[in-house]
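Two complexes come next, and they have one chain in common, subunit A, joined by subunit B in the first and subunit C in the second.
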Partner chain A sequence: MQVQEDAVSSAEEQDKWLADAMALVQHNAFYMHRAVDASNLRDALKYSAQMLSELRTSKLSPQKYYELYMRTFDELRQLETFFKEETKRGRTNADLYELVQHSGNILPRLYLLITVGSVYIKSQEAPAKDILKDLVEMSRGVQQPIRGLFLRSYLSQISRDKLPDVGSPYEGEGGNVMDAVEFVLQNFTEMNKLWVRMQHQGPAREKEKREKERSELRDLVGKNLHVLSQLDGVDLEMYKDVVLPRVLEQIVNCKDEIAQYYLMDCIIQVFPDDFHLQTLETLLSACPQLQPTVDIKTVMSQLMERLSRYAAASPEVLPEFLQVEAFTKFSHAVVEVIEAQPDMALVGAVSLYVALLTFVLRVHVDRLDYVDQVLGGCVKKLEGKGKVKDVKATKQLVALLSAPLEKYKDVVTILKLSNYGKVMEHLDYDTNRVMAVVLMQSILANNTLITAPEKVDGLFDLLKELIQDSEGAPSIDELDEEDFKEEQNLVARLVHMLVNDDNEQMFQILIAARKQFGQGGPKRLPFTLPPLVFAALKLVRSLQNEDLPDDGPVSLKKVFQFLHQTVEALSVVPAPELALRLYLQCAEAAGVCNLEPVAYEFFTQAFMIYEEEIADSKAQVTALQLIIGTLQRTRVFGVENRDTLTHKATGYSAKLLKKPDQCRAVYACSHLFWVEEGSGVKDGERVLLCLKRALRIANAAQQMSSATRGSNGPMTLFVEILNKYLYYFEKGNTQVTSTIIQGLLELIVTEIQSENTTQDMQVDAFLANTLRYIQFQKHKGDSVAERYSDIKVPS
Partner chain B sequence: MKTSSDGIYGWMKSGLGAFVAEPCLGYGGEELCPRRLGAFCSPAPDEADFCGVSELQSCVWNCCYGRFCIVVAEFKMNYLYGAFGSPCTVSIDFVDAETRKQASVKKENGQTVLVPLFLGQDSVVGEVRIDPVPGKKVEHTGVKIELLGQIELYFDRGNFYDFTSLVRELDVPGEILERKTYPFEFSTVEMQYESYNGVNVRLRYILKVTISRSYATNIVEYKDFWVRNYSPQPEINNSIKMEVGIEDCLHIEFEYSKSKYHLKDVIVGKIYFLLVRIKIKHMELEIRRRESTGSGPNTYNESETLAKYEIMDGAPVRGESIPIRLFLSPYDLTPTYRNINNKFSVKYYLNLVLVDEEDRRYFKQQEITMYRAE
Partner chain C sequence: MVLVLALGDLHIPHRAADLPAKFKSMLVPGKIQHILSPGNLCIKEVHDYLKSLCSDVQITRGEYDEDTHYPETKQLIIGAFKLGICHGHQVEPWGDLDSLAMLQRQLDVDILITGHTHQFKAYKHEGGVIINPGSATGAYSSITYDVNPSFVLMDIDGLRVVVYVYELVDGEVKVDKIDFKKPQ
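Coming up: the complex of A and B.
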């Protein structure tokens, strides 16, 4: 609170001081104007000097001082005009130049001297270079930083259009561009010295304030560099031989953090791109010499950024980049800078690499080796550091890893970077996962196909945090379940990106993937293995039509072995339902491939799972339905095997817990004996047996219902069974006769109409539809209709 | 650094010049001038002369003339008496009055007047005109004209030491009834000293016409003129270079390009800072004049600061070199006078003064020789 008050009151004081000074300037300026109007040189000098004396204050902050300076600056412009007129009236410039030096105080004296100097140069009565040299030399007299900076800034501003640059009217007798450069450089050097000196004056506790003030003044210094860059005569040669070395010398020697950072940045911003390109070595060699606390990474990033933009804007300069070995120089510089600044935070080093990588990606897109080199450099830096804990550094690492991904949009390319994975290893667990997700999303978004087994290994190496538990990772239970699922789903989707037209290769890929996934643990397997199974089944389909020897690198048999192992792994997890489904899928595929023993084995496995692992009755129902469906479609089995399997299935059906379930399973089993397509089994008798049994069970269900609730349950099951009857009737199962159907129909109708039965709209509708169907068939007028004619639909 | 009350803060190691520091107050009487330095002030005929020091100087002068006024009154009484009761007017004119150069000289009341200017070997030629009051006649026992070179000293006022005295008889005893003119000529007069108006001393040249009368007092008329002498370019003119300082506090090396300067010369030099451990606020160069009169135990020294010229603002760091360029023309300087007729000397010094943030002054004074160049 106290501090704040102080700050406020001092701000008020500042305003007051400034107002006072302004008033005095105004006052003296008024008399100066009067003297100017009266062409009274003596008075004009007197009042202008008094006016300028206000600039001798030490009380004002740089900002306020600047306001005061600007005010007097305007007045000095008028005085300059007046001096010009004076020379027309016959007073020589040399005279004036001496006259103003009679002023007793140095600051007003020098302001006046510079003002006259400007007129003097313009008159070309004396060589510009001599006057400039004198001015810049005399300005040494002001050693107070703020006053000196503004004075020299005035000099710089006044002399800007009067330098003996190439093509300027002051060239020739007035000197050459070398003199101009010399002048600006000297002024720059002195200004920088003053600026740096500010840092060391005043009490230490005001350091922050001082730094703030200094940064307000930095443009005064930087402007000199801008002037240099504007000189037409400064060509590459001169820049290289004179300007840059001198400026760098000053920057390095001033040993001031703020100045070094700002001025390096200035150089990078004001001079043209091709200059930088041709002097990279010099410029970069200065970087490691800067103070260890300088934010050199930003500086270098700026430079790289600038050059890469240059390369992007004008591709024709690319050969030059190669010629000067821009990349090599940059990467050396990065290493050196990191070495020179041992205190640099890791984030700094990494962001340097990010900048370098960005540069490479923009300028040398085709040079993967460069990219890898950059990553390698970073790995070296990270070596022995283990996982990076620093959040900022991690962020930079992610940027480093994301950059090539964004650029190439192709993970296959990334996989060629041997150091990519090594960098990733240094990410902490969470970030690594995020990165892996990004990688996968990139693959999916860009539809990148991974076509080689070794790529698969490489890829999964990058993703290993996702597909297996690595050391130090938190246990899976701690992970957010949703995230985990999301990630694993991505991994699953990724499997479909592993594609190779060559079967042999494809198989290798699958094996590789399987190997990787195998280490994922029970939580992951249910996500990762199914897609693998389906991929293998896909392979099976493409192998089906090829006649391959069993002992070849890839064969149906081998693929099925692979499938078997894979699914087995799932059943061990345990994920019985999933394993069951997959076994059935495999069995079906094996059936299609005419591999009876294989198919049988798969069924056996499925059945075993059913028996041993699936206890939940609902799950049992579903599982059984799946088994029945698959078995029905699998036609590879001989009579014996088939009997065994169907028998088993039927047996299971009858053992289901709930009667309705039993009933439905049993009538579903009837399909196992009646395969419509091809030369399938058509065992009408056993079909009927199944249906009858279903009826019995339905009946029992009704009775149970009536016994427990006092009313019969809905007639759903009966109607369903009726439909089954009708199906077989239509398909020509001779065992199913119209009489049986008629009987069942009447039974149903009677039951529904009986009072004891619970009414159910759905059942009624179902029945009505069924009846309507029968009517429809009757009136169709084909062979089926004939058979239907015996059935009478009860009204 | 010692902090003894005598204001001397330490001495340099042997072989180096010493640097003296003293508190600002009580230093050389600069407090007399209330005006802020650095303003262009004090009108002077030479428009180049717009240095604040002129004003300071005039302050000093004014107070000096206070001391002279008794002498002045004596002159006036003589003159008035002569004019009032005198039966004639006497005027002295130079033949080349129209063309002769004139020097601007500050008078006792502070005003400047133009006085005919002569060089050391010039002939002084003119005529004396005596106009009797109409209806009166002037009886006299002879008319003579004298050319006198005189030195007056403050502590011995009223006494003139004539170092030159030439006489021309203009008329034999008789009476003057109407205007009468007498031409006179002192050819190639040896006037080896320059005219000088100082604090405690003045050197002047006059023409004195005396109409001697037997009864009444003599009628006397004076005519001042000014004498300047040019010196040749000095054959040896070394630079002044010296390293001075206070041990472990401040070491500087300064250099003035010459040790002898003509009156319109420019002092060029530089100051090189070898060690800076004090917080310097600014640095200035002073031109000081020391007038010594008398000799032995009766020597009076009077110092005045003629110029104060700021040459540096702020605190330099080690290795900094600060340029000096000081034009002498704005200042009212005279050549250096050494032991003029054993009566007085006028010497000039350059005083380099550094002022620190506590207003302590560190200075080093070096004599320079002034001469008048043609």
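Coming up: the complex of A and C.
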């Protein structure tokens, strides 16, 4: 409580003291103006000295002192004008210069001296360099930091336009740019010393307050560097030989953390980029010499950032970068700084590498070896640290990994960086997975194709936390299910980016991917293996037209073996429905390649899965649809094999649980005995048998319905079978006669109108559509119409 | 004028990574009133993407669809037309237009949207029109070789429907159109 009270009263006190001082300044200024108007030099000097005495205060904070200073500054401008007029009236500059030194106290004396000095220099009656030298040395008389800083700041402000720079009116007799530089450097050095001295004044508990006050004053010191940069005569030579070494010397020797950080930053901001480029070694060699607590990494990052932007804005300077070996110098400097500051937090070291990498990506974008070198440096720093836990350091690592990805937009390029994966290994598991997802998304978004098997291995190496369970990683059960599915689906999509037109290479790619996925465990396989199967089926198509020997590096036989083994791995997971579908795909493909035994084997596997592992009724229905559909299309089988398989299929159909499903599956089987294309089987009798069987099942279903619900169910199935009859009738199956059709037609019409039958609008519409279809066929006027002529549509 | 998008058999991620970029840039949200898909998307991400294009998305089940709750068939009315959707693996023989016509009679619809063969078809018969939009990603099919990515956009206006088929051939999008008029 006590301290707070002090602070509050201090602010109030400050305002009061300032108000008091300002009043006195105003008071004395009034009289000064009166003296000036009366051309009374003696009084003008007397009152101005009194006014300036207010600046001798020790009570004001820097902010308040500044306000007072600005007030007196304005008054001194008017005094300066008066001095100029005095010299026109016969008073010499030398006289004035001497007169003002009679003031009692040193601070007012020096302010007046500088003010006269301004007029003196402008008159060119004496060399500018002499006057400036005198002033800068006399200012030594004020050693109190705040007063001294403001005094020298006044000197700096006043002298700015009067320096003997190249091309200025003060050059020549008045001096040369070397003198100007010397003057500014001296002022700068003295100001810095004063500024640093503030750090050690006062009790330790007020350190924070002091540092805040120092911060408020820093631009007064930095201004000098700005002045130096504005001198026309300060070219690269002068900067390199004189300015930079002197400034750095002061910075290093003052051993003050605040000054060092601020001034290094100042140099970088204030002097042009090509100066920095040419003095890189000197500048960087100062870095390890600074106090260990200086945040030098930020300074270096700033420098690298500036030079990166310089290179980006002016590509023509790039050769210069190479010539001065900028990258090498920065690289060494980074290592040296990290070594010199053993207490530097990991996040600091990594962010240095991030800055260096940004530099490389802007300046030497085609030098992948540089990029790899930077990553390698970081890897070295991370050695032995395992997975990084610190959140900030992790963020920097992600930035390090993302930068080349964003620049090159091509994961294939990233794969060339030998250290990329090593950096990834130091990420914690969650972040690693996020990074892996970013990599995959980049490939998909940029349509990056991976064409070489070795690249496939390299890629999956980077993605390894997603592909397999590694030691110490959280188990799949601990992961969020949605995230896991999303990740695995991304991996699946990735498979379609692994392509090569050369069949041998493509096969090698599939084998490499299979190997990687194989270690993924039962939860991953259902995601990752199916795309491999389809990629392999595409390869089969590609190989079909080539006549390759079975034992060559790639052949149909080998690919089908690959397919077999891959789908088998899926069925073991267990993923029976998926495996069944894929076996059928392989069977059909083998059939097209004329490989009867292979096709038969695949069908066998599919049937076995159906019998042993698909118990769900709905799943059975779909599985059977697929089996029948595939079998119907497969032409490779001889009579025996064909009979075995169709017999099995029809058997399964009859054993489905629900009667309607049975009925439909059985009439679907009819198509197994009728193949339109070419010399396919057209067994009219077997077709009819199927349809009749379906009809019996439909009847049985009606009876069941009648027994359990009291009325016959809708006639849907009958109308469906009728349509099937019409299908075969039209195709020319002689076993399906118009009599049979007529009979079924009349049965349906009767039953539908019966009271016992459940009314169903869908069925009514179906029947109506069917009757309309028959009418249409009858009136077509071609051979089909002739066949239909015997059928009479009941009204 | 009602715009209806019909697309299916994307088979993402088993057989394709994504829709072709040229298709994606054409399919902009807010322009289409209905999306009908015969199925085989196969994952939720694709369903979500379709929903982002249009709020009314009707999907039937393909044999590889992750969501097994999509219905086997769907019927809906748009303007003067009755439409039906069914993936087609249920109809033997696969791709047989006469068998599909039977399904159309059963569903009692003017337009039947179906898939499975990955080959575009627009077949007019006595009972109406059968439209197969093909595979929007050009996915592998055991039934059709060299599948070009394709989809269909229908413009239903009164008794008339104009069917635009978009096909990606050698990297270029080709458009064709077919007119159908429903008898009074």
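The rule is simple: the second predicted complex is superposed on the first by the 778 of 795 C-alpha atoms of A that agree within 3 Å, B and C clash if a C-alpha of one lies under 4 Å from a C-alpha of the other, contacts with A are read in each partner's own complex, and residues count from 1 in each chain.
One rule holds in what follows: contacts are C-beta pairs under 8 Å (C-beta built on N, C-alpha and C of every residue); 3 or more make two chains touch, one makes a residue touch a chain.
Please read all numbers here as calculations on a predicted model, not as lab measurements.
Overlay on subunit A: subunit B and subunit C fit together in the combined arrangement.
More residues of subunit A are in touch with C than with the other of subunit B and subunit C.
Judged by the touch definition given at the top, the superposed model places A:144 against subunit B, while subunit C stays out of reach. Of the two partner chains, neither subunit B nor subunit C is touched by A:459. With subunit A as the corner point and C-alpha centres for all three chains, the angle toward subunit B and subunit C works out to 150 degrees, nearest 10. By the touch criterion stated above, A:268 is placed in contact with neither subunit B nor subunit C.
Contacts of A:769 after superposition: subunit C is touched, whereas subunit B is not reached. In the superposition on chain A, A:99 contacts subunit B only, with no contact to subunit C.
Of the two partner chains placed by superposition, only subunit B is touched by A:46; subunit C is not.
In the composite built from the two structures, the nearest CA pair linking subunit B and subunit C is 72 Å apart.
Subunit A has no residue lying at the interface with subunit B in one structure and with subunit C in the other. Per the touch definition, subunit B reaches subunit A in the complex via residues 36-41, 47-48, 50-53, 282, 307-317, 320-323, 325, 327, 329-330.
Touching subunit B in their complex are the following residues of subunit A: 41-42, 45-46, 49-50, 53, 56, 98-99, 101-109, 137-138, 140-145, 147-148, 193, 197, 201. On subunit C, the positions that touch subunit A within their shared complex are 11-18, 21, 43, 45, 63-64, 68, 89-90, 92-94, 98-99, 101-102, 105-106, 108, 126-127, 139-140, 142-143, 145. The touching residues of subunit A, counted against subunit C in their complex, run 444, 447, 486, 489-490, 492-497, 527, 530-531, 534, 537-538, 541, 581, 585, 588-589, 592, 618, 622, 625-626, 628-630, 632-633, 668, 671, 676, 716, 719-720, 723-724, 727, 730, 762, 765-766, 769-770, 772-773, 776-777.
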